[in-house]
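Given below, in the form of structure tokens, are the structures.
In the two complexes that follow, chain A is the common piece, with chain B as its partner first and chain C second.
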Partner chain A sequence: MKLTRRETLALGLAATTVTVLPFRAVAAAEDQIAAFTGGADIGSGDITLTAPEIAENGNTVPIGVEAPGAVSIMVLAMGNPNPDVGTFNFGPLAGSQSASTRIRLAGTQDVLAIAKMGDGSFIQTSSTVKVTIGGCGG
Partner chain B sequence: MASGVKPRVKVPKTASAGETITIKTLISHPMESGQRKDKEGNLIPRSIINRFVVEFNGENVIDVTMEPAISTNPYFEFEAVVPESGEFVFTWYDDDGDVYTTSKNIEAS
Partner chain C sequence: MISRRDFLQAAMATSALYGASGFGNWSRLAAQQALSQDDLLSFETSGNVTLIHITDVHAQLKPVWFREPEINLGVGEAAGQPPHVTGADYRKLYGIADGSAAHYALTHNDFSALAQGYGKMGGLDRVATVVKAIRADRSDALLLDGGDTWQGSLTALRTNGQDMVNAMNALGVDAMTSHWEFTLGIDRVTDIVENELNFPFLGANIFDTEWDEPAYEPYQMFERGGVQIAVIGQAFPYMPIANPGWMFPGLSFGVRQERMAEVVQEVRDAGAELVVVLSHNGFDVDRKLAANVPGIDVILTGHTHDALPEPLLVGKTHLIASGSHGKFLSRLDLDVQGGELRGVNHKLIPIFSDVIAPDPEMAALIEAERAPYADELAEVIGQTESLLYRRGNFNGTWDDLICDALLEVREADIALSPGFRWGASLIPGSDIRREDIFNATAMSYPNAYRSEMTGETLHVILEDVADNLFNPDPYYQQGGDMVRVGGMGYRIDVSQPQGSRITDMTLLKTGEPIDAAKTYTVAGWASVNEGTEGPPIWDVVEEHVKRIGTVSMTPNDSVKVTGV
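Let's turn to the complex of A and B:
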């Protein structure tokens, strides 16, 4: 099979596009969001996501979420191979709709928090975290 | 079973009735993400704790669904209301079916 110069270039381009994997992760994140909200619109409101601006070690990044009146809060790391981080469901005895934990981040990326409110609406916020050393074993 | 799993929980011993208290929990667990490779380049299978539940006298306080992006030795800090004296029960569910439980009593006055 003979390839012209033009065809070779096109092939190279196609290969580069395939290797740009983050697109897949973003699609997975969108699926997760759709599964959580059921396709409802997400507004903004009284939700706080506390995350460091710069995290030296992506293996343990301390984050905190707070959304007064929320039933549950989902946290997503948009740049991770698997964007899902976890969901906090608050019960009747929760003192406040807030929680903090430590998460893994594969690299510099946006962390997203979506809260489901008591009235069924959804609000979100996001925060960019710069990661010096990624937390995915690489 | 993941070895050396040890839950640690910090709950105040006393509180006044209706008070909101802060609870801190830590459990030692490797939380193998399923993304890492060993020396031969084989994927190390995922082995994490996937759910964490706290109840007070049978009533739910918080129920967390966990994914591999939660760090090694999962740590959680949250707040709970103490309406009366009783017992906090903390339960962690492992991927391999193991369940780790610990409980703490609190006196409400």
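Let's turn to the complex of A and C:
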């Protein structure tokens, strides 16, 4: 599998230092999406985002994405000060269009995955990951 | 004296073959006559496979009183659905007569009065009698333990769960899953699993954090009555969040629905004709799992301590709820033909300790386990004039007493006590023995802290816990009750989203609103943080009870609930 990916962990760690960035995270996410899709419509389809319902440790949350037939999958943490997690690109020889990593989440939020398909269309899915202080189960 | 019986003769047929299940058959089948062991055990053996389910015993070797909840709210799709039905509504739903044995066992009303008549329930020596009787009918019946077994009593605490391991080995358990087991620490769990247990410790959803690989056996295959049976274990999903993760570093849990679907497929491919999930998810999580993962015949639910007299059918999956503290045992006779579940015959067997004779061997084992601690267990610390109970979404008198102890002994403004669902009850007129205090507090991270918190922090804590209970999606619920609060009142609208449920926080001693910016002295226990300092909570409670001598609790109306 040919996989080029950004340093998602490093990005996640960087998020701690940018909590006072002067722009709104949602606006930043919208810009990211627009840059990725070029403003095209985003549908739904065969795209899977695997993430825990409740994070065991918000500093390192395991996630996985899979979209058969995708050439590229972008992952956004919509509630982070810097929502950009990373974009996974898949070459024509990729055995499967799937990837996994660990991300940092500043709090309870939606994680969004958008896949660019081989025909140039876009599909997305999202999952809410809860970050909790915990301690009272039983 | 036990004066009547109208119990649990419901051989509920839930498949097309045996006819439709429905609420209300129960009373019709029940007879009004004296409660006897034969009646409690009577069961028409059917099919070719028998499952016996016990769960959430919480280390109760001896019979106890345990009052079922008055308030047990469901949200989202679970609103108003079993098990979120209590009191008179519950009795009406299942056709249970007021004042009957079933009323006493399954609902909260008139608990103290009925407890005088019907006596304590549970006791593993009585459970052993029932298990042996079932195995006399069907020698290869599978006995499955849903976990929360090794924690909850003084003896389990002192022996690091050894008393319960010995008892469950003697009982002949065939497989178990887990939750509080891990609060003994990973080294002790490993020692027990590798060296002590006579049966597998299953958890399909337990992974190691480093390589994300399965850490425990996900399932065990059994052949019974010519049927290939897969028992898949599902441990409590929120272990490192609800309990101290530092006690079992390197383990990751989670609902992991996709994983469950894979394991179900794997066991079907391996020839399983019957797929049973032995679960510690909690009832609502299992209801959603059953709807989303095809191919599961039976889910033996646990964690949320619900007891239901009939299976609840979700699609083709039968959900069984067998209560807690050894009060009940479920028997399921299943007819499996050609790889398909054709018939289900179910009975929730109540363990009335004055009716079911103790099994002599298990009774001897229990006495031997308790003997080294006999004096300590029996010491009378005080008396209670009030019913002391814990179960319920918002508060109970046991936790009111614990919060009073924290406020007085730790000299705090506000006290927090976790919303655990374990803890036996005490009826009015009882001595409070040391054993009783440990039955409400025994666990491995008991330190009663005293710290400063702002009003804002307190609000965040209450909102966080409330969402663990009232998030409309069960996969986001952790299955405990609301944190109990002493010295502070609040209003909760359970229909609101997180951040908007809790309002009108009030410091009771002054009547003033809690100020978000102001700092308050808060005492509590069971912090999941490593290095928490303070005396163990049982010492705090003991000191308080000794000071006051006789406990008398006034009704607690400091929590106002809306949005139901």
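In the analysis below, the second predicted complex is superposed on the first by the 109 of 138 C-alpha atoms of A that agree within 3 Å, B and C clash if a C-alpha of one lies under 4 Å from a C-alpha of the other, contacts with A are read in each partner's own complex, and residues count from 1 in each chain.
Following the convention adopted for this analysis, a contact is a pair of C-beta atoms (placed from the backbone, for glycine too) under 8 Å apart; a residue touches a chain by one contact, two chains touch by 3 or more.
What you see is a predicted model; the values in this text were computed from it and never measured.
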**Item:** More chain A residues in contact - chain B or chain C
**Value:** B
**Message:** In the overlaid three-chain picture, which partner chain does A:T50 touch, first (chain B) or second (chain C), both, or neither?
**Reply:** second
**Asked** Where does A:T108 make contact in the superposed view: on chain B (first), on chain C (second), on both, or on neither?
**Response** second
**Message:** I'd like to know which partner A:P81 touches here: chain B for first, chain C for second, both or neither.
**Reply:** first
**Request:** For A:N89, select first, second, both or neither according to whether it touches chain B, chain C, the two together, or no partner.
**Result:** first
**Asked** Of the partners chain B and chain C, which touch A:K130 in the superposed model: first, second, both, neither?
**Response** second
**Item:** Residues of chain A contacting chain B in one complex and chain C in the other
**Value:** 135-137
**Asked** Any idea which chain B residues touch chain A in the complex?
**Response** 20-22, 33, 35-37, 54-56, 59-72, 74-81, 83
**Item:** chain C residues within the chain A interface of the complex
**Value:** 179-180, 212, 236-238, 240-243, 245, 252-255, 258, 418-422, 460-461, 464-465, 467-468, 471, 473, 475-476, 478-480, 483, 498, 526-528
**Prompt:** Within the complex, which stretch of chain A touches chain C?
**Reply:** 50, 52-54, 56-57, 62, 108, 128, 130, 132-138
**Asked** Which positions of chain A touch chain B when the two form their complex?
**Response** 59-61, 64, 77, 80-82, 84-96, 98-105, 135-137
